[in-house]
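Below: a set of structures, written as structure tokens.
Common to both upcoming complexes is subunit A, partnered first by subunit B, then by subunit C.
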Partner chain A sequence: MIKSQRRRATSIVRYIVLSLWAVIAFFPIYWMVSTSFKPDTQWFTWPPVYFPDPPTLDNYLNVWFGAEQYAATQYSISSQKPLISLGNSAIIASTSTLLAVLFGSVIAYGVSRYKILSEVRMFQLLMLRMIPPIVIVAPLSLFYSALGLLDSMVGLILIYFLTSLPYAVWMTKSFIDEVPREIEQAAEILGASRWRTVFEIVLPLIRSGLVATFLFILILTWSEYLLALILTKTQVTTLPIELSKYQGSTEGRVYGRQAALAVGITVPLMIVGLIIRKHLARGFSFGMVRR
Partner chain B sequence: MSVAVVAAADDVQPRLSMREVSRRRAIKRFKWSILSPLIALMGFVLLPVLFLQLYFSLHQWTVYLGSWWDADWVGLDLFKEVLTDPRFGWAAVRSLMFATGSTIGCFLMGFALAYLMYKPFRGQALYYIIFILPMLTVPVVVAYTAEMMLYQSGPINDAITRIIGIEFKPAWLTNPHIALPTVMLLEIWNWTPFSFIIMLAGLSSIPKEPIEAAEILGASKWRIFWEVQIPLLRPVIFLALILRFLEAMAEFPKTWALLQGGPGTATETLPVYIFITTWQYFQISKGAAMSYIVMVMMVVIVLIAIRILRQEKQTLDTVYGNKAAGNSGSGS
Partner chain C sequence: MARIELCNLEKSFGAVKAVKDLSFTIEDGEFVVFVGPSGCGKTTTLRMIAGFEDPTSGEIRIDGRVVNDLEPRDRGLGMVFQSHALFPHKNVAQNIEFGLRMKNVPSEERVKRVREVAEMVRIGHLLEKMPSQCSGGESQRVALARTLVTNPSTFLLDEPLSSLDAKLRRELRAECDRLHQALKRTFIYVTHDQEEAMTLADRIVVMRSGEIVQIGSPMEIYSNPVNYFVADFFGSPSMNLVAGEIVQESAATRFRSPAFDVVLPENFKATKPGAVTLGIRPEHVGVALGDNGDVELPVRLVEPLGKDTLLYFDAGTERAFIAVTEGLGMAEITAGERITLSLDRRRIHLFDTEGRRIGGAR
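Showing the complex of A and B:
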């Protein structure tokens, strides 16, 4: 009796604590979304407006499509091109991630089956990611300007590829480790070359893992800020940089516009994250969690 | 008899090893063809960059001076300048405070949530989805959303005032004493999901037998937590702390986009100070010297971290067998 009462009490406490954090976690996201639907008089008033009244699409139309009828208003930033940035972001993030997963999975195969990198080297590979990018970005930008890669997609793709490679190797390795070796041995006996074994047997077997790795790394490359800020200027801008242009703009606080752009940046990321929510732990666990 | 066997073995061995040798050679070629793109990339991108950085930290150059290859050799003067610069010292202190504080905050929050959630209950999946959302918000977006919410008569202060019933109006972003803690809170909000996910995976992966055994022996929940679960979770705990600390040391988008190091220098962490020195004062050489110092510092920290992680992984390998290392093939 007492035990079941106590169990019910702990269950209630659990729900209260979890719900409290759920509110804290969700409120800023709600605020961003609701601000994006507010007319400009409600962006920063006292008392704050919690529900847009009436909700309006002006912010979205202005920010994303630079609609003519809004271009003349005080808060218009129609000179910027978020749709082009969206395209840039999509191309840069997906290409660099694709390269990272491709090369990463082949390296991971080599590590898993042929030990081409010792465990120490595998951890040292993480340094590519763990050293703050700020310490190399200045010489990198000079190097890029010498090569003509500054303000180009190729430059960003190259550096994103390098910095996301460690995660790609680690994560795909955890999937390849689970593939039984007998299949490859059978393929070898049947005379398949090693490269064919990799591309036609092993990688197709872990394709859901590859998709998970791809999406996981996409989250990181999509939201990268510092490298994009310094290595691009006008020709190529990614969405996070486009958003930061609204800061300190002559129009002052343009929260609604910022929010409309922010929602557009965040929604794809959330969709991706929710698709792979079960695999997130694997991306971060570096072999420390055993199932 | 034995002579015959040896002779026969001698006879067989060369032919076998011939095939073996060509097989090994093929494997070696295969290994190198996998590794060579990686090595080439590092050689063509990282090496020149590191060389350039070293060059700039030993030569005085800014964008106003002529060609950078004619810059004056100044030896270690720049390093001396940086190391005696109190602003650099304070930036380092702030970075360490920021990283330590937010790491501990993320870890405690994430662990607490994971502990409440690792056993199945009604609504678990929904809570999980809500809890990982902050991590899926782009850091720059976090910064701007924070700005929309934290101004003095903004929704956060309003909501707290309504809930506690007392006027609550801290200037989150403009008061130099609380600006850094504010960014820390943002970092904690943003990355608690990370610790949460790792700790949840860790908690649900530890074997049930030792806990059940302890329960049968009459151990309290408290003792089971400290004496069974925590020791079993050690590797995961180290991982959660180390990765978060390293990422927090490199944190730039939130501090920069939100406050540009201000008010004054209240939120000027190492990445921000390097950025300001290089891209606002255009002291490229000083920035390079600072970068070098920070890089060496971070390499040392990362090497220590790698040592700890490897030790923990080896312990795991001996406890669980070397299954995940791919030796036996069939993973769990």
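Showing the complex of A and C:
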């Protein structure tokens, strides 16, 4: 086989493999979206229905707005309050993420420039994150109950902030390391104070990296389940907890409703991703590009 | 006004002594060039003056005032970095303006000063551009302008031209010289390029392994190197250095090596017999077309440079023995030809086995 043919064959095989992989990866998402538009009769049918026929908004209206006529159906679930959960999730995830990125970048700056933590300490910091949450969640709930933090927003924000801080430090440090010292020193000798240098020079230069870090941590906190399950009861529920209520309840598996809720959980992340996509490409490829 | 004194300055990084007991005074308005091979401590010295490195011991005084504990921004200095260190997210005008903003200069005044300085280094047309859109030479001019605008008492320049190509280097070298003449400020310039040092400096400080080897005007350094290292470092093509020995014979002091047997002038009379290295600059080697020369050597290579011609001879040493001759006539000499050479006696240098100069040279 001559070279150009071989190259062509390789390329065809590559496309086939990648296409198959894409189908496997995207099928669950497709299934979720499609199910969310299916009337209840098509949730379980065999052979499966790939395209809802006819498509309906019933699931969305029932789940998100609890509209009378839908709430009254046999699939209504008494405790549902997804809009409140959406608000809780938004506040808890964004606040804890912001705090983590803010404190993380300050610590990272100290580590990068002043070596306030040794290599070993930095790895220990990352090790904290390696502890499976299941190990700490039971003792933590005792602490929380003693401190009155159980089933409170502050409690969840605090634990999310603390558990994502190591990521924030590690990620932002790698971005700060990329900023040449000489650029900071140039600002300093031109009369800028340390704080001014950080705010006028360093932070704008690592903006894309901060945004990438923010999204990364936001995804983690937005979809966190175990800690939220144990540390909250009825006062503060987040969307992942809400989602679990549609499964295995006495009414059976309400796939359509669950899918409609799941789409609602996914969309906000996608919107955030779209808004900041310009930064993401730069942030995630930071340091891989030769300066 | 800025007179900078370095007193017993030392800097160690762990067990490594980067700068050893350095004492030296830079006079107001002087253009001083620190030169030496990489790792000789020249940049560390500059960074200590700037305030980016704390001396391990010793003092730095600016106009008599000890500045060891002053922040870089409080020392009244300006610095141009090797990497130019422009702020990538600010355009050229904002880069230049930065120092003025930090000093709370009102905005109309800032705009005016930025324009003036930009004109001065001929980058008036670049003000709206981003640093990434500027060429290497342009970036360097922007870096200069950014420093100029704050009107510092002293300019610190850390290998500012090393990232540029040869033609631009010459151009910007002239620019630095012009600025120094015009501003009459103190300039401290660090480079590893001996040519830059020779052309720019009022005084050159030659450094090696953290120590000052020699201080002097470019001509002093060139004509009277204190040791083998300085002799070899300065000059292009570099000085011919031939290992051999001193022999006292019938009232004459002679230098002998496999290729050479030269009677040394009076001033070397007291030299003890033993191993030495003879040094002579290529321009002090005469091509004698008659027979009355010192040595006859075969030509290895002829390099016509236009005005001059470089002749490389085989002297039985690893490095060729070089002679510079004026005129193109010499370009017709071919490799392999044997040529008689005469050494200008007054320009001979001798170095002992430690590399130190032995008597003689003026």
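Just so we're on the same page, the second predicted complex is superposed on the first by the 250 of 291 C-alpha atoms of A that agree within 3 Å, B and C clash if a C-alpha of one lies under 4 Å from a C-alpha of the other, contacts with A are read in each partner's own complex, and residues count from 1 in each chain.
Note that in this section a residue touches a chain if its C-beta (ideal position, glycine included) is under 8 Å from a C-beta of that chain, and two chains touch if they have at least 3 such contacts.
The model shown is predicted, which means the values in this text are computed figures rather than measured ones.
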Just checking: does A:Gly148 make contact with subunit B only, subunit C only, both, or neither of them? Give me first, second, both or neither.
neither
Partner chain in contact with A:Glu182 - subunit B first, subunit C second, else both or neither:
both
In the superposed arrangement, does A:Ala25 touch subunit B (first), subunit C (second), both or neither?
first
Quick check for you: in the superposed arrangement, does A:Ile201 touch first (subunit B), second (subunit C), both or neither?
second
I'd like to know which partner A:Pro55 touches here: subunit B for first, subunit C for second, both or neither.
neither
Determine, under the contact definition given at the top, whether A:Gly87 touches first (subunit B), second (subunit C), both, or neither.
neither
Just to be sure I read the superposition right, which of the two partners does A:Ala192 touch: subunit B = first, subunit C = second, or both, or neither?
second
Of the partners subunit B and subunit C, which touch A:Tyr255 in the superposed model: first, second, both, neither?
first
Winner by number of subunit A residues touched, once subunit B and subunit C are compared
B
Footprint overlap on subunit A, comparing subunit B with subunit C:
180, 182
With touch defined as at the start, can you tell me which subunit B residues reach subunit A in the complex?
26-27, 30-31, 34-35, 37-38, 41, 45-46, 48-50, 52-53, 56, 68, 109, 112-113, 116-117, 121, 123, 127-142, 144-146, 148-149, 151, 153-155, 158-159, 189, 192-194, 197-198, 200-202, 205, 235-236, 238-239, 243, 246, 249-250, 252-253, 256-257, 270-271, 274-275, 278-279, 284, 287-288, 291-292, 294-295, 298-299, 302, 305-306, 309-310, 312-313, 316, 320, 323-326, 329-332
Complex contact set, residues of subunit A against subunit B:
11, 14-15, 17-18, 21-22, 24-29, 31-32, 35, 43-44, 46-48, 50, 103, 106-107, 109-110, 112-114, 116-117, 119-120, 123-124, 126-127, 130-136, 138-140, 142-143, 158-159, 162, 165, 174, 176-182, 194-195, 219, 222-223, 225-226, 230, 239-240, 243-244, 246-247, 255, 258-259, 262, 265-266, 269-270, 272-274, 277, 280-282, 284-291
If we count contacts the way the header does, which residues on subunit A are in touch with subunit C in the complex?
180, 182-183, 185-193, 196, 201, 204-205
What does subunit C use to touch subunit A in their complex?
50-52, 71-73, 75, 77-79, 81-83, 85-89, 98-99, 102-103, 146-147, 150
